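Should a chain be cited, it is by its letter among A, B, C and D, assigned in written order, with residues numbered from 1 in that chain.
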Amino acid sequence: MASRGTLIGAAAFAILAAGAPLLPQWLVSLSTIAFANALVVLGLVILWRTGLVPFGQALFYAIGAYAVALLGRYTPVRDVFVVVIAGAVCAGIVAYLVGFLLARYREIFFAMLSLAMSMILYGVLVKTETLGSTDGFHVEAGSFFGWRPQGAMRNLALFWLVLGCCAVAAVLVARYFRSVAGALAIPVRDNEIRVEFLGISVDRLIHLKLVISGILAGMGGALAALAVQHVDPQMAYWTTSGGFVFVTILAGAGSVAAAFVGSLAFELVRSIAVDLLPGAWQLILGSALLLTILFLPEGLGSLYARLRRRKEETAP
Amino acid sequence: MSAILSVRDLEKTFGSVVAARDISLDVPAQQTVGIIGANGAGKTTFVNMITGHLSPSKGSILFEGNDITGLPSRTITRLGISRSFQVAQVFPSLTVTENMWAAAAIARGRDSIIARALTPLDTPEAKTEADAAMELFQITRYRDARAVTLPQGVRKLLDIAMAVAGSPRVLLLDEPTSGISIEEKFGLMDVVMSALKTRRITVLFVEHDMEIVGRFADRVLAFYDGTVIADERPETVLANPRVQTFISGTKPAGEGAVHA
Amino acid sequence: MLTAFAIFSDGLVYAAYLFLVAVGLTLIFGVMKILNVTHGSFYAFGAYGAATAAGVWFDRGWSDAGGLLFMVGLAMLIGLAIGIVLERGILRFVYGKDEVVIVLVTYAVFLILEDVIVLVWGPRSYAAYQPMVAAGSIDVGDLTLSNYDIGMVVLAAALAAFGYWALKFTRYGKLLTVVIFDREVAAAYGINVKVIYTVTFLIGAMLGALGGAVMAPKISVTLGIGVEVIVLAFAVVAIGGMGSIEGALIGALIVGFGRAAAVHLVPQVELFVIYAVMALVLGFRPHGLFTQPAPRKI
Amino acid sequence: MSRLSTIACRTFGLATALTLGSVVAASAQQPAAPAAPPIKLGIVSFLSGPAASPFGVPGRNGAEIVIEALNAGKAPAPYNTVGFAGTKIETKFVDEAGSTAQVVTEFRNLVQRDQVDAVVGYISSGSCLAVTPVADELKALTVYFDCGTPRIFEEKPRKYVFRPSSHATKDSTGAARYLVARKKDITLFSGINQNYAWGQDSWKDFVGAMNVLAPKAKVDKELMPKLFQGEFGAEISTLLTSKSQALHSSFWDGDLESFIIQSSARGLQKRMPFIGTTAESSIWRLRDKLPDGTIVGGRGPHGPLAPDNELNTWFKTIYMDRYGTPPTYPSYQMALSLLGLKVAWEKAHKAKGSKPTTDEVVAAFENIEYESPSGTVKMALGNGHQGIQATAYGTYRFNKQKGQPELVDVVRFAAECVNPPSDKSSEEWLKAGMPGAKC
């Protein structure tokens, strides 16, 4: 049953990969960032299906990015595959550690605590003057198994790398959604007590989701750091997290692909808004978000529609 | 033969309030035990302690000879004690089939979260088991309905069917007929009890309706003021004057209301 | 000794500021279960409104005390107006949706209002310092305190006392308590929850604007002041317990004294104090100091 | 499992469609080439957020009027040719607000999508650091106008990036020189700076310069409040308990004005004079609320600290006429950046006789020296990519009769007096005791 979706996905992936050299460079760069961020959004989708919205996902994003940047600064490791995996692993470890605390929280308290955690990292980074404080620092251009492309070629190579990471992540996350742990997202959101009494720990289910979303966010951050070639503490600030939540809403939690489409659409809309109305692009973005929530719930995927039905039924 | 479930000197206090005290009993395998008592008498507290929702303040619980006192509910479930709820606990936004799949899948897997993330939810075994359970509890015709839309009785059946999905040896039913009309009560209990009999499950059920207790229970525990005041065959317990005074209400207060 | 007194007075002033900023947020959360990101906009509009009022008033050379009243009055009117538009125009359509979805609605409105500020007031900063200057200062030992700051502490204390009294002893307060306790039960008892919601939101909006108006004379009113305030108010409210007035007060005092002590004794850690306190409190009391976690009912 | 699980990738096709669709849109945007295409400049500056009012908007305003005057050929000599070498200039303004990734994306869009001939802009040092390698990668001529970090040319030589405005070190060294000249016997000083790169660097440089110029002076309080904190009660109390004889601050705009208002209400400036390295941009708003005796800097010889020359008079006049307030230092920095670009462009154009390539302009830009409304600019550092200028500090006085701010006791410091030489980084130079400074 997933075969048709997988086929379409694989075709889209192949077309994007093959068509990239034909695209204008600015669009390749924009899509690189958009798809790197889409990995973070994918992680948020995993949490959101359980009804959890972290306002501090930038914590893992920044950790992934800084891991790459620090490797470039203090070690001779330059291979993009190694550094991206390192970024993802570092973020995963941090997610595992903070997960012991965070996994016990729900709803707004989950959001607030995750926000506090990311803001602590932000504070630490700002205090670290050797790393350039708020100015951040340069990220070394990586090599691809020893190959060091320059200029336009490097952008293309990075785009393919991001695309490859996205494809792997999409396949794995889709698999995860079909697994027991992944499919229990809606049961957990619906009725934690029942899940516990069926014999599985809700906290551990959520802990796992946190680790997966942390790894994805770390990978996204690592790729973004390679693409932008610069890291700064702003990556850990709460408005960065807010931006990811924003895209998640636009995308909806209905499917894996929505994260990618949503992220790309967001970057394009933002870029066009900045282009057309440099003084009022936040207004456009805010309106887009508001209109989506108010009038396009169907466009947000199946979870949202279900959430709404549930609420209508239980509303006073 | 030895008891499948043994309780010794169980006590639960909330601050200065004593919710349950001095409860000691043994339940042999495949017995069906009815639990009666007025509201606040300690029935649900008792069920909650056995199933790990509450941790006892004192005393111990043995299941198949192992001490399970204070274990988390999910561990107790995995060991073989399941429960249903006074208000049916199902997943409202899923269909009946999906509810059963979730229950069957959770029950089957190993207790490792990583393993859970690698096993698909909809394995053929889980599907077969879900189908069988729906058949057994006669809810197959609702299989594609969302749980939130189900009539109360079906929702109760689904709740119990999900509890049975893990193949428990002991099942605790917390007021299986609450919220069900009088006409439907017996039908529901017939379905439930015959299903549980075929699975050879030891049952403890909390019930207000003395008629149902009389008909389905092999043995009755009467709770009053946090403890068990009678523990015998149904007809004996129901004839007990204190039970009649405090619980079943067939005898006015005053007669036999001598506090122990 | 001097330092101890300085920590005490600075802590009080900062706590007063935090309480003024957080009280509207916690009220709205307590009653409506909405974490209102727009609160930052109310604050900003209050500050801009007050600054505009100050311009109009003091350019004519009118009295300072009257000017402050005019500033606060205009700011709260603006808060009321935006509150009405927001609650009637948008929020009432999303009541009953998931809490987090409503947070995002307020986030969207906040983004829009940030640009509305630019459209209305332009990207320049405004000053309204006349009341602060006119209030003068008082010497306490070696320390000079601003009378305006003292006035702010008095105002915050009065507001806290009034809030306590209003919740405990007025009809509206009692109704609110019922709604806070259980929305459905309140509705079942014939309380018009919708009206309570509207009124509460408007009060919260006016309190947010009040915070901005009171701070306006102390600060340069400029773009982005709303963003800073939101996170600060969130932290205070999360520490004290979401939706509890006492909680907001205690949270403000803890953060206020904590920060003042940090600035005087270990300035290096000042940047983290508030978040460290927040993480610590939430680590031990997941729902803040003053909220009991709702028991799971079976 | 239909609803519990998710069908992957169904909408992936849409992503492709979106991407390809925008290509079509983008290619449609490109106009058919007219006979003499104007020179396109991308101007990047904060148009929203807290940095818009003090820097972004004055910077943009400066760009608008200077380019308008250039296109009309109405600037004073030697800048009286139309546009750049007779070709009119077209501008595209972009907001600098947003994440660094967004800033870099928008930079790429300007260069690759809008095909601008040069980008002029950037206020945040973070933006400049992030854009620099991209500019070199894209071989896009980029002129920074306001960002202050010395790291840009000290970390690595750059090819396509220029910064005619001098970097931040001179602000701190100038402040220290002025302070020490006015208060020879200073023994104790404090600082209050925002806890982010600009504040941290400014304070570090100031302390470094003080160590050289007044070795006996000790640091007392070292305050680093959060950026945009707004409420400074505790900091002011701490300073009130200090016996410092001066207070250094690189606060700007909102925080600066808030701090001045709150601290003067508590009489802080009566105890220690305040040295504001960016205070110039706020004097027109603070007016009589800025205490007399405050030491005022303006990130170089801009505004009231600017030299009295024809260009300055012209610039002040056209700015006042359009915007009703005098220009502040970001406007001056924008003006001198654009004029520097014009000089380089025209030099390259003259050598070639037709529209120069980017590489030709870059070659022409290196090491030039030219006049600006704020005096002579020498592209002396960073292999000729980083400008140096004299700087000036003055003491504030509000003239009650005229109802206008004034700066008295203005002291000018030659460029070589407050800037490191080309072979040393700022940090090394300060550590070594500012060798080779020519005052």
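Here, a residue touches a chain if its C-beta (ideal position, glycine included) is under 8 Å from a C-beta of that chain, and two chains touch if they have at least 3 such contacts.
None of these values were measured; they are calculated from a predicted model.
Q: Compare the CA centroid of chain A with every other chain's and tell me the farthest one.
A: Centroid comparison gives B as the farthest chain from chain A.
Q: Centre of all protein Cα atoms: which chain's centre is nearest to it?
A: A
Q: If I count C-beta pairs in contact for every pair of chains, which pair wins?
A: A-D
Q: Just give me the whole-number Å value for how far the CA centre of chain A lies from that of chain B.
A: Averaging C-alpha atoms per chain gives centres 43 Å apart.
Q: Just the number, please: Cα centre separation of chain B and chain C in whole Å.
A: Once rounded, the distance between the two centres reads 49 Å.
Q: Could you give the separation in Å between the centres of chain A and chain C, each centre being the mean of its C-alpha atoms?
A: 32
Q: Counting only Cα atoms for the centres, state how far chain A is from chain D in Å.
A: 34
Q: What residues in chain D touch two or more of the other chains?
A: Those would be 1, 3-5, 47-48, 195.
Q: Chain C: which residues touch two or more other chains?
A: 114-115, 118, 123, 268, 271, 298
Q: Give me the residues of chain A that touch two or more other chains.
A: Residues 126-127, 178, 182-183, 186, 193, 279, 281-282 of chain A touch two or more partner chains.
Q: State the interface residues of chain A toward chain B in the complex, per the touch definition above.
A: Within the complex, chain A touches chain B at residues 176, 178-184, 186-187, 190-191, 193-201, 204-205, 207-208, 306, 309-310, 313.
Q: Going by the contact rule at the top, pick out the chain D residues touching chain A in the complex.
A: 1-16, 18-20, 22-23, 26-27, 47-48, 93-95, 98-102, 104-106, 108-109, 111-113, 124-126, 129-130, 133-134, 137-138, 149, 151, 155, 195-198, 200, 204, 227
Q: Looking at the complex, which residues from chain C come into contact with chain A?
A: On the chain C side, the touching residues are 35, 90, 93-101, 103-105, 107-112, 114-116, 118-119, 123, 183-184, 187, 193, 227, 231, 234-235, 238, 242, 268, 271-272, 275-276, 278-279, 282-283, 286-287, 296, 298.
Q: Mind pulling up the chain B residues that touch chain A in the complex?
A: Going by the criterion above, the answer is residues 51, 53, 72-75, 77-78, 82-83, 85, 89-94, 102-103, 105-107, 109, 111, 113-114, 116-122, 148, 162-163, 165-166.
Q: Spell out the part of chain D that touches chain C in their complex, as residue ranges.
A: Going by the criterion above, the answer is residues 47-50, 52-54, 56-57, 195, 221-226, 228-231, 233-235, 237-238, 240-241, 253-258, 261-262, 264-268, 285-286, 289.
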